[in-house]
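Going by the order they are written in, the chains are A, B, C and D; count residues from 1 in each one.
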C-alpha cells in the first residue's frame, strides 16, 4: 500500500482549500508529521505497491522520500510561524499547494515507470507554480511565467526522450513493460542509437528541472521570488526529484553499457553549471538569488559526481542529501533575514551577528557547510567526488572543478561576510527571533553534522544499493 | 594515545564551558583559561614523555561505516604536539588578563570556544593518520582560526584580513585535495601507507601540490599574502598561537608528506630550499619595512618559516645525496627551529600584545621609551629579539648553528648539493644580519628613546598572567640556548621517526656539538661577569651625573627629532630594490613661506600586488564577460534548451 | 697555558697597534703625531673618570659597553695567535665567533638607540646595515676554507700548518681572500673609506657617533673592545700573509708581531691616501669583498678535483 | 502504395503547419491548433495497432481534449484578456514562412535518413511529428506574444503525441491519459498566468517579462 504516502497529502491539500487559515496551518504540520511517519514505515517495511507496474519502492526513491518528508515536516513547522509573521492574503492557496507539491514530489520518488515518472515531475511543476506566485507582484508573475514555460518545454523534451526510448525498444523488436526495473532487464538489447538519443532528450528535459546550466535560467528567478519556505522546498527537494529522474535513466544507460557516454555528458553539464553559478555568485547583490545559484552549483557538483562513476557517485548521493538539508536551512534563515531587514539586497543587510545572532549562527554555519567545511557533510561528498575524479583520471575536469569551487567560495564568502559583519546600513525595527523560526534550521544542520560522522547502517546500505545500480561504489 | 585524547577533550571542554557560562563573564573566562591550560599542560607532558620513551600509539575509529579515522602518534607528531601544547598553555594563561575589558561577554566566550577548538584541531592535525581525518581536522582548524581572526569584526581592517585568510586557507586546502586526490587516484585508498609505492613522477607531483597547499598555511613567500593581514588582526594571544604553532602545521604537513612519499629525487629538496631562501630573505626584508609592530612580527614569522624550510631543504638534499650527516643536521636544525620559533615568536607577540593593550596603538612611530615604564615586558622583548636574531647564548642560535653545519656538509660535496649548501649558508648569513637590523629597529624605536606621542607616556604593565607567561618564555629562550642537549635529542627523535631511507643518523657528533654550545655560552657568561665586575670596580665611589642627551651642539632637541622607523630601515631597503618597493608620499617644500609638509612611506607587498594583477583581476574579468547569459529573455532561454539538445545530438 | 698568556698579551698589545695607525696618518699629514702609547694613556684616563648618563637612557645603555667589550674578548679566546692553538676551539666555533660579534653589535646599536639622539640613531642604522654584507662575505670566505680544509674551525685554518696547507692547496685564490678580509676589516672596524673616526662631523660618522654619550669607564670598555676587534681581524690577515712556521716559538711570535704591525700600517696608509666614500657607495665597496670571496670559491672548484 | 487516410491527414497537418508559420493573428493560430489536435488524436485509429474497445474510448477523449478543450480554453483566455489580435513577431512572417518550408523539408530529409520502416510504414508520420515539434519551438522562440508561446508549447506536445502514437510498444492508455491531463493542467495554468500578465501589464507582450536577470 505504497500509494497512500502521496495520496494522503493530496487529499489534505484539497481539503485545505476549503478551510480557515488556522486549521489549514495545523493540517499542514499534521500532514507533515503523518507523511514523515508513513515514509519511515515505508522505509522499514518495504511493501509492494498496488499498481506494481507503475510504483515501486526503490532505494534511490526511498532516500529522496526520506529527505523530502523530513524537510517538509521541519519546513512546515517553520512555515506556520512564518505565515504568522508575514500575513499573505492568499494563505490557504499557499498551504494547499504546499501539500499538493509534497504529494507530487512523493509520487516522483515512488514512481518506477518511464511515463509515470514524467507525469509526476510535470505535476511538481504545476503544483509549485502557484507557490512562486504567492506574492502577486509583477516580479513574481514573471518568475512564475518563466518557471512554467521553461520547465514545461524542457520537460516536454523529457517526454520526447521517453518516447524515443520506447522507440529504441521498438527498433530492436523488444516488447517489455515501461517500468524501470523491466527496462534495466532488457537494456543491453535496446537499440543503442535511439537509447542515446532518448537519454540526451531526457537529460536535457529533467536537467532543465534540476537546474543544470544552460537550462538553469528559470531557477534563480523562481527561488528568489518564492516565499522562503517554498524556496526551501524547491531547492531542497524539487531539484532532487529531477535528479532522481536522471539517476533512473542513467541506470538504464549503465545497464546498456553506455555509462561512458552518459557519464561524459553529465560531467560536462555539471562543470557548466558550476561555472554558471560562479559567474553570478561573484557579484550577486540579492542573497536569495545567491543561494539559488549556489543550488545550481551543487546540482552541478552532483551531476559531475554522477558522471565520474565509482566513488564519485557515492559522493554525489551524499552531496544530494546534505545539500537538501543545508540549503533548505539556509533558505529558511534567509526568510528570517527578509523579515528582519525587509529587504532582499545584500548591501541593505549587515551586522547580522549583532542584530539576529540565532539566525546568524544558522546562516553562517549553513554557508560553511555549503562551502564544504566540515563538520557538515558536503565536505565528505566533495572529497569523494574529487578523489573519484582523480581515480577515474579526469585530471583536467578535476582541475576546472576545483578552481571553480574556489572562485565560488570567494564570492559566497565575501557576500556572507558583508551580511554578517558589515555595519548595518538602516536601523530597521528589532526582529524577534522566535524559537520555531530558528530551531528547524538547527535541526537540519545537526542532522547533516551527525550524518557526516555517523550513518545508520540501513541508510548506508540503501545508498550503496542505489549507487551500485549505476556503477557506483566505494573504490 | 588515550592520554592525548583526554587532554584534547579537556581543552574542548574549556571552550564549551566558557560558552555555556557566558552569563558570568569572569567565571566563563577563568574556566576557559583553566581548562585549556590544564589540557595543554597534560598534553605537553604526555607528548614529551612519549617523545622521550619513543612510544608510538595508533587509534582508529570507524567512520561512515566503511572508512575510518586514524590517529597515529609518532616522534614527529609528538614533537609538534609539544610545540603546540606549549604555546597554547602559555597563550591561555596570558589571555586571562589580556581579555579583560576586551569586548562583550559573549564575544569573549566565543573567543575561548574557538581558541579551544583551534588548539584541539591543531593537535588532531599533527596526529591524523589518514587523508580523511587529516583533512577534517585541517579544515576545522582553518574555520576556527578564521573566527578568531575576525574577533573584532567591527573594524574594516580585520574583516578584510578575515576574508583574505578565509579564501587563502580554502585555496590552500583545495591544493591539498588535489594532492591527496592524486594520491588516492594511484593508490585507491584513503590511507597514507601505500603512498610510498607510487611512481616517482606522481610522487613529485603530489609533493608539489601539497607543498603549495601547506605552504599557503605556513606562509611560504608567494602564498603568504594573508598572513601579515590576519596575524595583526587577531587578539595577541591568538596571534601568538597562530604564528607560534598554527603555521607550523604547514611545516608538519610538508615533513609528513615528504616522509610518506619517501622522495629520493633532489628536485624536491631544491624546491623546498629555494622556497625557504626566498621566504627567509624577503620575509625579513618586509618585516624591516613595517612600522606596525604586529605586522612586523608577522613578516618575521615568514622569515623564520623560511629558515625552517632552509634546514629542511638541506636535510632533503642530504637524503638525496646520501649524506646522512648533512641530512641529520639539516632536519634537526629545522625541527629545533620549529620549537624555538614557537617559543620566541609567541613571546614577542605577547610583548606586542602588552604594548597594544596598554598604549592602544600598534604603530612603533607613535611609541618610544616604553622600556622605562614596562621594564619586564621590555626585557622579555629584548630577550626575544636576541633569540629571534639568532644570537648566542639564546635558542635561535642553536638551530641556525645546526643548519649552518648541515649546509657546510653540503658544501663539501659537489654539484647540486654544493650549490644548495652555498646558497643556504649565504642566505642564512644575510637573514641573520637583516633580522638583527629589524629587531634593533623595534626595540630602538618602540622601547627606547623618548615617547613620540602621548600614547606611550607613563604607561604601566599591570596584568600578572601576561607578565608571568612572558617571563616564562624568556627563560625558555635562555634555557634552550644554553642547555640545548635535551631539546636537540627530542628533535632527533622526531627526525628519527621520519624513517628516512638512509643509514641511521650518526648521533655521536650531536652530543659533542651541544656540549660545545653550552661551553661557549658559559665562557661568554664568565667573561661577561668578569667585565661587569671590572666596570663595577671602576665605578666604585664615583659620582654618576644625570643630564640630557648630548645634542651635538643643538640646544633645543625635541622628541620629534628622534630617528624614526622608516629612516632607520630606509637605506637597507634600497638594497632590495623592486622586490621590496617603498611607496613614499612627500609634498615638496617650496616657496618663501612653505606649507606645513609631511612624509609618509609604506612598503607594499609585491606578492599581493602581483596576485591581484595576474590572478584575481583576470578571473573577475573572465566571469564578468560571462554575465550576459542570464539576460532575462524567455525566448532565448528556450533557445538554450534547443541548443543543448542540438549540440548533444552531434555526439550521439 | 701559553695560549692563555698569548690571549692576555693580545689584549694588552691591541691598543699599541691601533696607535700605529694614528702615527702613520700623522706622518702622512706631516705631523709628529701622538706617542705610540697614546691609547694606554686614554684608557687609564677614562678608567679614572666618572660618567654622565642621559635621562633618556636605561640599563641597556650601561649593558652596551660591557657586552661589546666582552664579546671582543671572547672572540679572541678562539683566535689562534701566531699559529699557536687558541685557548678554546671546537667544531663550528667560527659560527659562534661571528654571531658573538653580532651580539656585540646588537648591544652597541641598542645602547645608541637608548639615548634618543637623532645622530646616534643615524649611526645605528648604518651600523646595522653594512655588517649584513660583511657577514655574507665572511661566510663566503668560510665556504672557501671549508672547500679546502673540510672544517669550520678557526684552529683548522690558522693554527699550526693549517695556513700553509691553505696556500699549498689554493694559492692564487687565497690572495683574493686576503683582500676580501682586508675590506671586511675596514668595514667591521669602521675605518676609512667606510667611516672616518677622526672626522668632526657627526652626520658622517658610524661607530664614533654611536658612542657619543658614553663616558668614563664605559667608554674605556668600548675602546678596548674595538681595539681587540681590530686586532682579531688583523691577526687573521697577518697569519694568512705569513703562514710559515720557523720552528722556534720566539721567532714565530716576533715575525707575527711584525706582520701584524704591517697590517696596521697598511690600514694607516689606506686611511691617509683614500678619502671616505659617500654612504651610498659603501655597500658596493663591501660587496666587492663578497665578490672576491665568491670568485675564489668558484676557482677552488677547479683546484679541488 | 494506395493513398492511405493517414497520409492524407498528415499532409493536411503539414499544410496547417505551414499556415501557422504565416499566421499573423491569434484566432487563426487557435483554429490551426484545434485542427492539428483533432488530426493527431485521430491518427492512432488508422495506424492499425491493437484496436480493442478501450483504445477507441481513449481516442475519443484525446480528441475531445486536444481538439476542443485546449483550444477552447485558450480562446476563452483571449476573450477574457481581450488583447489586440495582432501578433508582434521577432522573426517576420515572410521570413517565418521560408523558415517553415526549410524546416519541413529538413524534417522530411532527417526522417528519411532514419530507417524507421520497421516501426511504421507511413512515410509522412515522422516528418509531420518532427515538424510539429519544430514549429512549436519556433513559435516559442520567435513570437513575442505570450499566447503564441503557449500555442507553440501545445503544438510541441501534439508533435510528441504523434511521434509516440505510432509505436507498437506504448504505455497503457491510463498513462497516456495522465500525460494528457498534465498537458491540460499546464495549459490551464498558463492561461491563468496569461490573464494575470494581462491584468498587470494590460498586454501579453513578453517584452515586459525580462526584468529579472543575472
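Operating definition for what follows: a contact is a pair of C-beta atoms (placed from the backbone, for glycine too) under 8 Å apart; a residue touches a chain by one contact, two chains touch by 3 or more.
All of these numbers come straight from a predicted model, not from anything done at the bench.
Peer 1: So if I look at the partners of subunit B and the partners of subunit D, which chains show up in both lists?
Peer 2: Common neighbours, subunit B/subunit D: A.
Peer 1: Farthest chain from subunit A, going by mean C-alpha coordinates, please.
Peer 2: C
Peer 1: With centres defined as the mean C-alpha position, give me the subunit A-subunit D separation in Å.
Peer 2: Comparing mean C-alpha positions, subunit D is 31 Å from subunit A.
Peer 1: Using the average of all C-alpha atoms in each chain as its centre, how far is it in Å between subunit A and subunit B?
Peer 2: 43
Peer 1: Between subunit B and subunit C, tell me the centre distance in angstrom, where each centre is the average of that chain's C-alpha atoms.
Peer 2: The answer is 36 Å.
Peer 1: Centre to centre, by mean C-alpha position, how many angstrom separate subunit C and subunit D?
Peer 2: Averaging C-alpha atoms per chain gives centres 101 Å apart.
Peer 1: Give the residues of subunit C that touch two or more other chains, as numbers and ranges in rising order.
Peer 2: Residue numbers touching two or more other chains: none in subunit C.
Peer 1: Please set out, as single numbers or ranges, the residues of subunit D touching at least two other chains.
Peer 2: 137, 140, 149, 206, 209-212, 214 - these are the residues of subunit D that touch more than one other chain.
Peer 1: Would you please write down the residue numbers of subunit A that are in contact with two or more other chains?
Peer 2: Within subunit A, the residues that touch at least two other chains are 145-146, 149, 153, 220, 280.
Peer 1: Quick check: in the complex, which residue numbers of subunit A touch subunit D?
Peer 2: Going through subunit A, the ones touching subunit D are 53-54, 113-116, 118-119, 122-123, 125-126, 129-130, 133, 138-139, 141-146, 148-149, 152-153, 156, 159-160, 163, 166-167, 169-171, 173-176, 178, 220-221, 224-225, 280, 284.
Peer 1: Under the touch definition given earlier, write down the residues of subunit A that touch subunit B in their complex.
Peer 2: By the definition above, subunit A touches subunit B via 145-146, 149-150, 153-154, 157, 193, 196-197, 200-201, 203-204, 207-208, 214-215, 217-218, 220, 261, 265, 275-276, 278-280, 282-283, 353, 357, 368, 371, 373-375, 379-380, 382-383, 386-387, 389-393, 398-399, 402, 405-407, 409-410, 413-414, 417, 420-423, 453-455, 457, 460, 474-475.
Peer 1: Taking the touch rule as given, give the residues of subunit B at its contact with subunit C in the complex, in rising order.
Peer 2: 368-369, 371-372, 378, 382, 386, 389-392, 397, 401, 404-405, 408, 411-412, 414, 418, 421-422, 425-426, 428-430, 432-434, 436-437, 440-441, 443-445, 448-450, 509, 512-513, 516-517, 519-520, 523-524, 527-528, 530-532, 534-535, 538-539, 542-552, 557, 559, 561-563, 567-572, 574-575
Peer 1: Residues of subunit C touching subunit B in their complex?
Peer 2: Against subunit B, the touching part of subunit C is residues 47, 49-56, 58, 60, 65-67, 69-71, 73-74, 77, 88, 90-93, 95-96, 99-100, 102-103, 105-106, 109-110, 112-122, 124-126, 128-129, 131-133, 135-136, 138-140, 142-143, 146-147, 150, 152, 202, 212-213, 216-218, 220-221, 279-280, 283, 297, 301.
Peer 1: Contact residues on subunit D for subunit B in the complex?
Peer 2: Its residues touching subunit B are 90, 137, 140-142, 144, 149, 206, 209-214.
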